[in-house]
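Sharing a structure below in structure tokens format, with a few things to ask.
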Amino acid sequence: MAAPLGLHLEFGGGAELLFDGVKNHHVVLPGQSDPWNMKQLLAWIRGNMLKERPELFMQGDTVRPGILVLINDADWELMGELEYQLQDQDNVVFISTLHGG
Amino acid sequence: MAAPLGLHLEFGGGAELLFDGVKNHHVVLPGQSDPWNMKQLLAWIRGNMLKERPELFMQGDTVRPGILVLINDADWELMGELEYQLQDQDNVVFISTLHGG
Amino acid sequence: PLKSNVTLSNDDIMRYSRQLILPELGVKGQVAISNVSVLVVGCGGLGCPLAQYLAAAGIGRLGLLDYDVVELSNLHRQVLHSEVTQGQPKALSAAQAISRLNSTVQCVPYHLQLSRDNAIQLIQQYDIVADCSDNVPTRYLVNDACVLAGKPLVSASALRMEGQLTVYNYRGGPCYRCLFPSPPPPETVTNCSDGGVLGVVPGIMGCLQALEVLKIASGQGSSFEQQLLMFDGQEGRFRSIRLRARQIECVVCGEKPTLTELQDYEQFCGSAATDKCRRLNLL
Amino acid sequence: PLKSNVTLSNDDIMRYSRQLILPELGVKGQVAISNVSVLVVGCGGLGCPLAQYLAAAGIGRLGLLDYDVVELSNLHRQVLHSEVTQGQPKALSAAQAISRLNSTVQCVPYHLQLSRDNAIQLIQQYDIVADCSDNVPTRYLVNDACVLAGKPLVSASALRMEGQLTVYNYRGGPCYRCLFPSPPPPETVTNCSDGGVLGVVPGIMGCLQALEVLKIASGQGSSFEQQLLMFDGQEGRFRSIRLRARQIECVVCGEKPTLTELQDYEQFCGSAATDKCRRLNLL
């Protein structure tokens, strides 16, 4: 049984508009038998934070195309993406890419 | 007897030109009986790093006017200035203020 | 092709004297800049400050591409245009303003839409490409054309009070498709017409983009190879992010590319190559 | 005094439509901007992009102050000027360029040197002051005059490939003298004539400065109250530093100020109020 996990979540580039316009969120994930990974975090966000139109944020069990995920200031591709095991106080950023000019 | 102290020193805004143009320096201060403070660090920099014209960097036992000192990304005035006791792996920045436009 | 300078004229020495004395640039860097050509894709909120500072710095040739004409609603951020050039092609309006600032820069205005038919042939004529466009299909088109033509791509974007900047396809780094293999669903894309933009935010991003172009042009390399700079203007906060490496399985820059010629980008993205109407009506 | 707008005209709504729709700004913020006056001290590398984007955004009145005339060596960074305005006063050259971009902005050119004799009277006529000057005595003069007149001071500077930005004397925060009670020894001061500057670096800093002016003007507050933004263009790196609070013992903004009128700043700093010759010859 792992202890509860504190995370700092950030949303930007417009993704925050799906979360009441709030960019910074401190969340605590409940303790569970296995360590939390990103796939489980996304399911948790979908169930606990996304009020409406989850398809603007997710596609299947991952984020939709056009959202970059950053774990502690690095592209999540460098960290194992969905399989990354979250550590207490990790900083996870979801940033919508911008196309305007 | 305190252990040797590793510090990250940075120079910018032109102050690096007094240090062979090198902005980033990792230094190790030798162990000594009392903890190192900023006043002692400045004397150490003067004795060990400043090759010539120390008056362009220091005035008396402090930095000359126009150089901002930052300890871990905060103005050293908030940290006790010369009396601040250095911690292992502290980041100390000396930045010459710019006046051009 | 651009003529190849080996020295600076006396006028050049006067004009660029304040930057020539920089050890990071010097005469050698200034000569290098004068021999480099840059294609600016989009003469809007990003392209205006970018073109302005590249011209001021003495870039050799500047291709200015935009299919659109100047409107009053552009002037809050598109600072090369003016009240009297309303209705004129942006490429021409920008070229006029640039030549007032530095007549020694070769300015080539292209009043046309970048497309799968002209992109490669245009981009091949330039050393560096700056993506200052305002829509998703054009961003994929510019990326693919840069990969196929082997040109570095300095890309910026802005919306509301935020901006992003990256250098793609440069010194073995990733391309836009390595990061974004699939386009975003059209209904998730907000453009400047819909979402708005504070004019000075693309100003900041276009200037930062110009700096990276100049660093590449003068041989200093870029700080944003495999790095993304994010700017939040409301919080006054910059953040630099380490990005993934070039992806082996990328369809355009990977080891076995399947995309070897340009495609239909409006169809691929499901949206039109403009920031004016969001959805492409797919019949 | 500036007339006080309460609504926007139809033309305004068209022109500013892309920024009006920002929730951070809205009609209320745009009206507020149109009622604000800004004094730009120095129409050089910082003042040009700053004035350009403030005018584009619809600032009410823009005072453009510079004692100097346009030279060829300015054009690599002073992008409001042009080849044909060489020899003209910078304040006028800038005002002309601004009025092409937005004729609805009241532009007031001042072709003069800011001095202890005119500074307070000038600054009192404006809501916000932007320090875009290029020398130490002027920076102390502007600071002291802003404290005495009770105006917020948005200050930027640039040299070589670096830049700095802070907001002084705003909502109880420190002033320039709180940070720098004594001027730097003149022999330690490098100006752009001596040290050089890559033109787009003041471009970036001037745009960032304009953003903070607009945030203050529209009631959003600034991100750089008691904060210093440092930019290193070579490394592409921004850093934000927490600064000291207002100093109780500050001679101009402290609890018992001893400096209650402007002084002789060239004498105080031991250098001339220009970036052209470094040392003041003190006889």
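All chains are identified by letter, namely A, B, C and D, in their written order; residue positions are counted from 1 within each chain.
Basically, a residue touches a chain if its C-beta (ideal position, glycine included) is under 8 Å from a C-beta of that chain, and two chains touch if they have at least 3 such contacts.
As the structure is a computational prediction, the values presented were derived from the model and not from experiment.
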Mind checking the centre-to-centre distance between chain A and chain C? Centres are C-alpha means, answer in whole Å. 30
Rounded to the nearest Å, the gap between Cα centres of chain A and chain D is 40
Multi-chain contact residues (two or more partners), chain D: 160, 192, 195, 197, 240
What are the residue numbers in chain B that touch two or more other chains? none
Among line, ring, star, complete and other, which best matches the way these chains touch? line
Touch relationships between chains, expressed as pairs: A-C, B-D, C-D
Which chain D residues qualify as touching chain C in the complex? 11, 14-22, 24-25, 49, 52-53, 56-58, 72-73, 75-77, 79, 81-84, 100-103, 160-161, 192-193, 195-201, 203-204, 207-208, 210-212, 214-215, 220, 222-224, 227, 229, 233-238, 240
In their complex, what parts of chain C are in touch with chain A? 42, 44-47, 132-136, 139, 156-160, 162-164, 179-185, 187-192, 195, 197, 202, 228, 230, 232, 239-244, 275
Interface residues, chain A side, partner chain C - complex: 12-14, 23, 55-56, 59, 64-68, 70, 73-75, 77-78, 95-101
